[in-house]
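Two complexes come next, and they have one chain in common, chain A, joined by chain B in the first and chain C in the second.
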Partner chain A sequence: MSTTHNHPAPAPLGGQLVTPATLILAALVVIALGILAVRFLFGLGAVTNINDGYTWGIWVVYDVVIGSAFACGGYSVALLVYIFNKGEYHPMVRPALLASLFGYTLAGAGVIFDLGRYWNFWHIFWPGYAQVNSVMFEVAVCITAYIIVMWIEFSPAFLEKFGLKDAKKKLSRVLFFIIALGTLLPSMHQSSLGSLLVVFGYQIHPLWQTVLLPLLYLMTALAIGFAIVIFEACLSSSGFKRPLEMHLLGKLSNVMTWMLAAYLAVRVADLVVRGAVPSMFQPNVEALMFWIEMALFVAPLVILARPEARRNPAKLFVAAVCLMLAGFLLRINSFLVGYETGPGWHYFPSVSEIMVSIGMIALEILGYIVLVRYLPIMPKEA
Partner chain B sequence: MDENILENDESLVALEKRLGISRRSFMQLCTAMAATMGLAKGADAAMVAAVATKKRPSVIWLHFQECTGCTESLLRAEHPTLEKLILDVISLDYHETLFAAAGHQAEAARRSAMKANKGKYLLVVEGAIPTKDNGIYCKVGGQTAIEMLKECAADAAAVVAIGSCASWGGMPSTPPNPTGAKSAGEVLGKVIPNIPGCPPNPYNFLSTVVHFLTFGKLPEVDHIGRPKFAYSRLIHENCERRAHFDAGRFAMEFGDEGHRKGYCLYKLGCKGPETYANCPSILFGDVGNASWPVGTGHPCIGCTEKGVGFAKPIHELAVLKTVVPPVGFPRVVEEQGKGASIGAAALTAAIAGVAAGAGAKMAQNLGKGVKTDEGAGKHEERAES
Partner chain C sequence: MSINRRNFLKGALAGGTLLAAGAPVEARPNKTMPPDAVGLLYDSTLCIGCKACVAACKEANDMPPEFSTTEQLWDTPLDISGKTLNVIKMYKDGTGETKDVEKDGFAFMKVSCLHCADPSCVSACPVSAMTKDPVTGIVGYDKSICIGCRYCVAACPFGVPRFQYDRALPQISKCQLCRHRIADGKYSACAEVCPTGATLFGKVTDLQAEAKRRLALKPGEESQFPRGNLNTHDQSPHTAKVAHYIPEVYGEKEVGGTQVIKLSAVPFDQLGMPKLPERSYASVSETMQHTLYGGLLAPLAFLGVLTYVAKRNVKDDENDDK
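On to the complex of A and B.
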């Protein structure tokens, strides 16, 4: 842990748990649970629009692929604080970690919802069944391991709450190893989520199919991680009426824009080298979606071009949202829009599918609100 | 098989003349028979040598309560040389259908053949034997079927039952069985090798005879006397429609879509799942692909199996001896998905709208002057935005 910077210790926010906002969120969660009950009683076909051509719907592409990317805040900040030794960002670690924890745990749960024979899920970890040469195996093991690692990383908050000082002391001695794992594992599986598509070959549109997909997925996951931290800071500052930590967010946005610029350089160079440029100018949905995606990736660079803009909370927020949407679209485009498995196959999520994803988001926000009020996560206000 | 040794073999040259077939088709036949019986490498060569050189065994062929379908199927086989081979590989000394002789002349020929080949001839029984009222319902030359069978079996080297009637009673024995029809084995009081079927596949019979000719004994049989090479597997196991059974694709009535598409006939009453025979492997009638009952779209009636063929109604479901079909099956036609439903599109638009609205509102609030830890810088930025 950082010793050179003196930060106020984290403390529970306290306050009302039952508010109109939490009630609405809880209602959305209940709707999702109802739909999931139907799914587990009558099967995937009863509630989803997925078919033999599109076996992955939004429960995989949104809940798992995008959900885990949106949960990269903890990863990005941990990388910054512990690997690049930027202790000044330390107050951001716990809030970011909490969001990541929720994002990843629900992504893991989302996989179970989407598995037709979910009762066989353990096969992928079992030596006799595991196919160690598969990308899916890497993703499954790595994400599972990361979820466990994150709970351990986050456990000091529980230990503090329940006054288990000895346990916390013992844990802090090995925590450096856990944290190192916590930065290694997402690097592995966030890139592997891109490798999943490389395996799809020609079924992915040339605008997205490239051997660099793992790198593109990793770079965008990191950039989104920073964007999420900014996004969450803005939300919780207005939600919990707390001051924004602008000096940190401004610096974070610097890192974010550089990462984004690097990503765009790699992305464009890859498109040019592969000769995919003509595909951008064809009058079809893929090209249209590509331009929207690229516009959203470029937008944060334009918005935050001038250093003053990085001190403006509104601009920071809009830039962060643009980047999140861009990362969202990159994944939607490469997994669903740019995916063509043969004539006749169509997919658009059903209302039930969308409501389950909405319920997952609601659960994340609800859990975040409850835990922030209950556990020492946010830095104490000076 | 060592072709070089057999190439200029005198007996083979003679055989070519005798049977009027090419050496190649003869060898192919012997190899096919060896393969049908699953015999070891070299057995085909032994068969070639046996058929070409050995003295043809005397065969006495008895007909009782039957339709002569077994004989017909042997004679009508499309294989170009088969009927010649039947008549030439064996010395058919008594066969009521194929005899030129008639009346007492024929019976005399049988008795003289039995005397000349005592203990060496092969007895083939076709048809069930009526036992009610001392067997008076079937008589040949004044002799009842029971007497004739027992007389001929006494000095035979081996007795083989051909067809379901002789094997287990067949059609004549179905209830109420007015003549008290019984199989040859039941009448003789022992298990005898039998080739059930209505009619049986001629190759199963021929292979059994050639095995006897070559090795001096009949092929290995199961506990009820059926050669294992032909009757050790359920029809269901090798059926070409088996994949449809496993996938749950069934013809539900004759002429429906599933029937026209060649789906499994189990639900039309196919007895393949409880009938032991090699029909799907070697087919029937030598007319090529799918030339066996199930292949032509009719459910198997279980003709080789006692208690199934002629006993169970054709439409009755078979007893599944091996695999029971699963409770849930995949769809026959997989849905390919439709585009967005109005509800889903509206919901997506609503979410996008709410998110955009909330984002804009949020940005507006942040722009207006949220508390920051560096409040001083706030003012200039507002002017700028």
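On to the complex of A and C.
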């Protein structure tokens, strides 16, 4: 992971670690840990609102399904830089990869506290127990493998920090294969996160139940990946008071809007072919949520329609946020709003459930701040 | 850069061809039940709502009582749950006067696992904790394997597997047709105690024939209905008047067939039994998965292309560095 196109080498930012912001983040993490202690002592029902009608709450749908999609920045940028050979985006690789690393590692760890019989989790990787027809098996194995691959992809930052030049050299010889794996694995499990729903059959509303779910989830994961990179670049430039790399972000938004347009074409064609169009015009919550979801997917195309808008940081930021919300809603809608198991079942996350998810996000941001100050991740300022 | 792009396209084309050639396009059909599969025939018109089956199920499976009244004296479950594997639910319309009538009438429905021929829960389970017995066809659960992901709970089209949300060390609970009693030469406790033969145990092929016999009877006439175990005739039959059946055996075709089949005089969807297609959801999901991942051909082909392209581009990267 060396530099190219004469980009400045990554360097630690340095600076204060203990600030009001990091203290608040740490407090949120402590609250989440307290709630999790109650969960492990008294069961999932003690702190969550999940039930047999909605057995997967936000700890699955937000922490894992959405959390990992929001961690696709590393995947999208790696695909662009190493597979489509767009070296100009190279300075974005490390920051994006770090955010992905955190997102995925925490999504993986988050699974543990949602698993009822977490002490058996290793069975999923164990020959004899592993059930290869299960979509969940594919998701679990692929995400775990990707977390390991990402740590290896990211390890040059550590090796540089500790001056382990030999190890870094050895690693760089096989890095191309690690990078290939790092683009294959997310393609597999981001699509499979959508495939999880296919076996639910009629319980998923026709606006979301389709065998194209894997493709829809994959395309949106890639588009979200680009949106996240723009979002994080804007935030870290204001947070760390660094100049914004507008020329790169503008070009990245081109790629993002093309991906988005392709997604919308597939999405609408699928709805038409399956005859789901009448479901859009029913006076119910599902149809309303569908329109909000679609509006958020269309919004970035409208906001960034004119080329000059793509050089405007505020517009780029708003478009990226819209797309992230759209991807968020596609997942919430297909897993929760459009999921109906029979009369009498309701779900809305409890405060403690939400606080755990917030604690996870806080831990991600905290880890990101600590590592960019300590390790060579951000491009050095000229 | 243009050379690289050309190479990439070449590689992508090669990979695409490999992908198209390698991916198995054959659909995975519905699985069928074993020839000696056992199950239950539940006849809603014979059920008197005594709930003896609910109590017997609790005892046979060592499940705790569940309360829905303020006194908390009697086991009064309203639905299946982490503590209850079997309940009798009641349908009531308007005045609720006449039994087995949709309008101004009432009817009963047994709620417990239907033991699908091609179960969603078995297809969903990532660790083989949910399995289908190759001989009896019983869908069994092994808590020592289960990781508690609850994919089975979410996937089941009948909402059958339930989870214990109130326990630190929880498990899934579902009816396993008293498979632990079958080993001792006994059979499902619910069928054993049923006083009218509304719940009848037996080989599925025989239960299906018995269901067809009932549908062919003349409504209003008296007939004999076997009780307990249809194959061993361990109990004397029950005599009752034939009801006005809906001419359909629920579970004969639904999601590829179930080993617990049902008869009723009130439409099944009114009794909480969903209208389902003949193709099992497990077969839809597994056809999709096998198309994408069959023999790992497509992922390996894709990995080959990615490795080739990444190798070129990362090497360029190194050269730039020098």
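As a working rule, the second predicted complex is superposed on the first by the 378 of 382 C-alpha atoms of A that agree within 3 Å, B and C clash if a C-alpha of one lies under 4 Å from a C-alpha of the other, contacts with A are read in each partner's own complex, and residues count from 1 in each chain.
FYI, a residue touches a chain if its C-beta (ideal position, glycine included) is under 8 Å from a C-beta of that chain, and two chains touch if they have at least 3 such contacts.
Remember, predicted model here, so these are calculated numbers, not experimental data.
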| item | value |
| --- | --- |
| Side-by-side fit of chain B and chain C on chain A, or clash | clash |
| Partner chain(s) touched by A:G275 [first = chain B, second = chain C, both, neither] | neither |
| First (chain B), second (chain C), both or neither touched by A:G53 | both |
| Chain B or chain C, by number of chain A residues touched | C |
| Chain B versus chain C as contact partner of A:P127, first or second or both or neither | neither |
| First, second, both or neither for A:P20, with chain B first and chain C second | neither |
| Which superposed partner A:G201 touches (first chain B, second chain C, both, neither) | second |
| Contacts of A:G163 with chain B and chain C, given as first, second, both or neither | neither |
| A:A180 touches, of chain B and chain C: first, second, both or neither? | second |
| Overlap of chain C and chain B interfaces on chain A (superposed complexes) | 50-53 |
| Residues of chain B touching chain A in the complex | 334-341, 343-345, 347-348, 351, 359, 362-367, 370-374, 377, 380-381, 384-385 |
| Chain A residues within the chain C interface of the complex | 2-5, 40-46, 48, 50-53, 55-56, 81-85, 87, 90, 114-118, 120-121, 123-124, 126, 128-131, 133-138, 140, 172, 175-177, 179-181, 183-184, 187-188, 191, 195-196, 198-203, 211, 214, 339, 341-342 |
| Sites on chain A touched by chain B in the complex | 49-54, 234-235, 237-238, 241-247, 308-309, 311-318, 321, 344-351, 354-355, 358 |
| In the complex with chain A, residue positions of chain C that touch it | 1, 4-5, 8, 81, 120, 123-129, 143-151, 153-155, 157, 159, 162-172, 255, 272, 274, 276-277, 281-282, 284-286, 288-290, 292-293, 299, 302-303, 306-307, 309-318, 320-321 |
